[in-house]
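Below you'll find a set of structures to go through.
Below are two complexes that have chain A in common, paired first with chain B and then with chain C.
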Partner chain A sequence: MRRLTSFFEDAPFRLYLGLFLVVVFVIVGGILPWLAPTDPLEWYQSPRNQAPSWAHVLGTTSLGQDVFWLLTWALRNSLMLGLVVAFFSTLIGVFLGLAAGYAGGLLDRVLSFFMDALLCIPTLPILILMAALFGGQLALPAICVLLILFNWPYPARQVRAVALTMREREFVNVAWFSGESRVRILTRHIFPYIAGWSAANFINTVLVGIATESALAVIGLSSAQQATLGTMIYWAIQYQALLAQRYVWIGAPVVSIVLMFIGLFLVSSGLSMRSAERRMSV
Partner chain B sequence: MRLLRYIAGRLVVYFLVVVFGLTVLFFVPRLGPTDPVEAMLAKVASQGAYMDAAQVDALRQSLADTFGLGGSLIDQYGAFIKRILLTGDFGPSLSMYPTPVMELIRNALPWTFGLLLSSTLIAWVLGNFVGLLSGWKPNSASSRTMEGIAICLYPIPYYILALVLSILFSYVWKIFPLTTTIRGAPWSLELVQSVLWNSFLPGISIVIVVFGWWVISVKAQTTALKEEEFVRYARLKGLSDTRILGRYVLPNAILPQITFLALQIGLMFNGSLITEILFDYPGLGLLIYSAVLQGDFNLLMGTISLSIIAVATATMVIDLIYPLIDPRIRHR
Partner chain C sequence: MITVDDVTIGYGNIAGLTAVDAVSLTINDNEILGIAGESGSGKSTLMRAVYGDFSTGLRIRSGSIRGRFTDPRTGAVLESDSRDFPRLWWDQISYVPQGSMSVLNPLMKVEQQVIDGLPARERGNDRRALRARIARFLEGFGLPETVLDAFPHQLSGGMRQRVLVAIAAFVNPRLILADEPTTALDVVVQKKILLMMVEIQRRLRNSLVLVSHDLGVHYQITDRLAVMYRGKIVEVGRTRDIFANPRHDYTKALIAALPRLGGERARAGKEAAL
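Now for the complex of A and B:
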């Protein structure tokens, strides 16, 4: 508890603002979907093409779906995808980054090569290729796996760099000479340094994950039958929401993406500012 | 001699990266449960094109060639890599038969590179300028506003911004074209105007995001550099602010951006693909998209191999010129 209060005392303003935005979206995407009166994906549950009103806060689509409830489902799926991708990418990245930086030698060379090589491969074309091969659409779990495959090198590189400098620090040597085990040195002495960066990176990966899936979805290559922020935009474009001037339909997912990404970015940059300050003070 | 060794080492890595990328590309279609050739044939058939048995067989053969489906997996793999790296031959396009895939790509590449290069450059100049000024006086109202704006712009994906811009300036306020139509004879003034006019919205959507990043990071750099001894010395020497900023702060603030750029190229490339599709801009992104829609497998493999090679090459070029710009890094 003590740590939590001090965390907020020296946190920069942007961290608060970002956390506020993210919490709002987590509530909208995490809790509200359970309260939806009907399955918002079902067609013709509501009158079609309604403007925003009390009954339908954000209006309805030309398929008779309620835009607000659809948006809550879309947020839930997009957030889930982002979190799963970020969790596994960070886990794999931190583990392999530590292994590379701490072990050095051949293992380090091989792992570093894979990190650099994967970073050079543009993710989206590969996803497009997969989607094209498997019937024009990719299922969300498949997208998750591919995104994890291409996103672990970012945390791994950073962690490796930190681990490299750590290896030379006095206190790590002291720990080593006083007979502590490797595992203990890693978890007790090195990991706390990496935690801040990893948290920032985690948030960043959530952002990249959601952005990439939406990119795929906007051109209709993600699972169009699921509600995600990207597929909402895709269907709005498909049903000519723009020509019909139904801007709320397409605007709702677009504005959500913009606000949520600003929130996530504020949190991640706030976190890395904080861990940079800490590093200076140590 | 050291320089040569550095370049040689980097080239070897580059070569390995390209081979690795193509390896991924080779094995990815084989991961799935379906046979890609049959899937493609089904896709072509579903387009409504009638083909007799002989044509289907010819198509199957051509697809099998593209995949290199003859022989064992190892043989196929060797043949695939050799064909791409040595001859750059992806066979004929299936949807625009018999135009070779390479020719279609050659026509599309200048658009993609032109769009990305010019918008990155514009964003770079603007971002450095604004970032330097706001970093010099970090607490003034205008520099705080600029940073606020930059922070709100940077996290937005390119294609979302592209969508917003096209909603605002093509639907609501109809001043820019919705899709790209290039008019005019080659090398005429009309052509240049038409290209600029049509590239404006896709370009500006990339400029804005990259600009946001540059402002944020140059500002942070400048604020830190301001406290350095050499800057203080320059100020005590009585140099003007412009001279200190231009000669002492700017070179040091720019350098970290270059490594960042190398890491970011892949993401920028991804973003520009979708932006092109949204604006019907005739670059690599649109080519990939039409290949997907028409089930043109040769074109798809060609464009995606080329994307990988292009991004790897750009990253390598930046890595190679970085030590030339940064005097502190001499090839160890």
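Now for the complex of A and C:
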């Protein structure tokens, strides 16, 4: 615990700023949706087309939804999607990459074949195709599975390369000679080399997940019945929010996405700066 | 302790390379056995086979390597093939690898690496007591306790090599295999480490196998010497006898190549004659 707190002492400013933004989004998306007075997806719960006021902090939509509470729901769904996609793709990718690189042989060839095949397929067109097949009603869990399927090969390929070089390091040999098991060697000697990288990859995949889902939603291919940042933009465009000068309605999800991306990016680069500093100072 | 009986070792399938060709050798209790030979003569391959590490595509084509160990706690005599040695690793048998620069994990503190290598029965003890024991042990090697809290890059090459020898010796193994333990070090540090290893061997009365291409090293510390040349052992016997009376041409050439005090300096002599 002490090591954890000392890691954040005298960290670069960007790390603090990034953490602040991320914490704000986690609070807005993780806690506030439970406090919503009514179901913000329900139409005509509030007066339509209200400007921001005390009763409706960010105003209301042309469908009579409260923009602020809708935004909290959208953030929750988008964040959950991003985290789930990032967690599972990083987990699967790191695990299979380590296995392929360290074990080698037939296992490596089979896994590498699948990685290369999936890497070659452009993700978004395939997703659009799939979404069209589902009649524009692709539910969030289905999108999650598809995104994980297309995102695990990136970490896997890179982790495999690291594991390949690590296998030949003398200290891995020594660990093997001293009777440590293969699993222990993987977790204690090889994984520390890719732990920092995995964290960066995790954050990056959160961004990719949210961005891809939003892209699908904006062109109307994911189910519009669920609140995500993408579907909010979709509905705003459908009801001509820009022409009607309802800037807060369309602006709220866009600004949220941008700020969330900046926050996650700052955390990622701040963490790597911080660990580089510590490397120098030892 | 270890009997190597007419063993042929190669890499890969039958058509592959043969590195050790019909070698027989015994490693006795309480002795320092030296293995000398040029690069590629099969020294390290033989060591790996004796250690029982077949993870790198090593195959024993014919013959056998058998070991007899006495369990220190139960006193039971254990006889097994080298294929079954892995469960004795870092308990009955330990290994000092070559090249001190890269054999310690750069991301782990020395203490953690020493503890990681220990067999489970040692590791279960109270951590603080264990650390004190390791610190006392390292002191015998001229290493201060602070070494335990250092990362490998904070130590010099000689210190790192001493740490490795210490790790290998800490479990009181019956057999220590040292594959060129002093190759990358200067002669002063080299001598210190060799003397340390002799001292450990004399204290534990176990077996030490020292692989080196440096005959001077063998002359200083080994009891018996085996000379390898192109995958075969061409000569084996008491070190003193071999140096006094080398029989194989290759051994003669090796001994003749050692610099001698008071010997003629070929180049200087020639230059003076000009």
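In this text, the second predicted complex is superposed on the first by the 267 of 282 C-alpha atoms of A that agree within 3 Å, B and C clash if a C-alpha of one lies under 4 Å from a C-alpha of the other, contacts with A are read in each partner's own complex, and residues count from 1 in each chain.
The rule is short, and it goes like this: a contact is a pair of C-beta atoms (placed from the backbone, for glycine too) under 8 Å apart; a residue touches a chain by one contact, two chains touch by 3 or more.
As the structure is a prediction and not an experimental result, all values here were calculated from the model.
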In the overlay, answer first, second, both or neither for which of chain B and chain C A:A200 touches.
-> neither
Who wins on chain A residues touched, chain B or chain C?
-> B
Report for A:V267: first if it touches chain B alone, second if chain C alone, otherwise both or neither.
-> neither
First, second, both or neither for A:P125, with chain B first and chain C second = first
After lining up the shared chain so the two structures overlap, which partner does A:V94 touch, if you call chain B first and chain C second: first, second, both or neither?
-> neither
Once the structures are superposed on A, label A:T212 by its partner contacts, choosing first (chain B), second (chain C), both or neither.
-> first
Using the touch definition from the top, say if A:F171 reaches chain B (first), chain C (second), both or neither.
-> second
What part of chain A is shared between its chain B contacts and its chain C contacts?
-> none
Complex contact set, residues of chain C against chain A | 51, 53, 55, 86-87, 89-91, 94-95, 97, 99, 102-108, 116-117, 119, 151, 154, 164, 167
Within the complex, which stretch of chain A touches chain B?
-> 14, 113-114, 116-117, 119-126, 128-136, 207-208, 211-212, 214-215, 218-219, 221, 233, 242-243, 245, 247, 250-251, 254, 257-258, 261-262, 264-266, 269
Chain A to chain C touching residues, read off their complex = 169-171, 173-180, 188-189, 192-193, 282
Quick one: which bits of chain B touch chain A in the complex? Just the residue numbers, please.
-> 13, 16-17, 20-21, 24-25, 28-29, 32, 34, 36, 39-40, 43, 151-152, 154-157, 159-160, 163-164, 167, 171-172, 216, 263, 266-267, 269-271, 273-274, 277-278, 288-289, 291-292, 295, 300-301, 303-304, 307-308, 311-312, 315
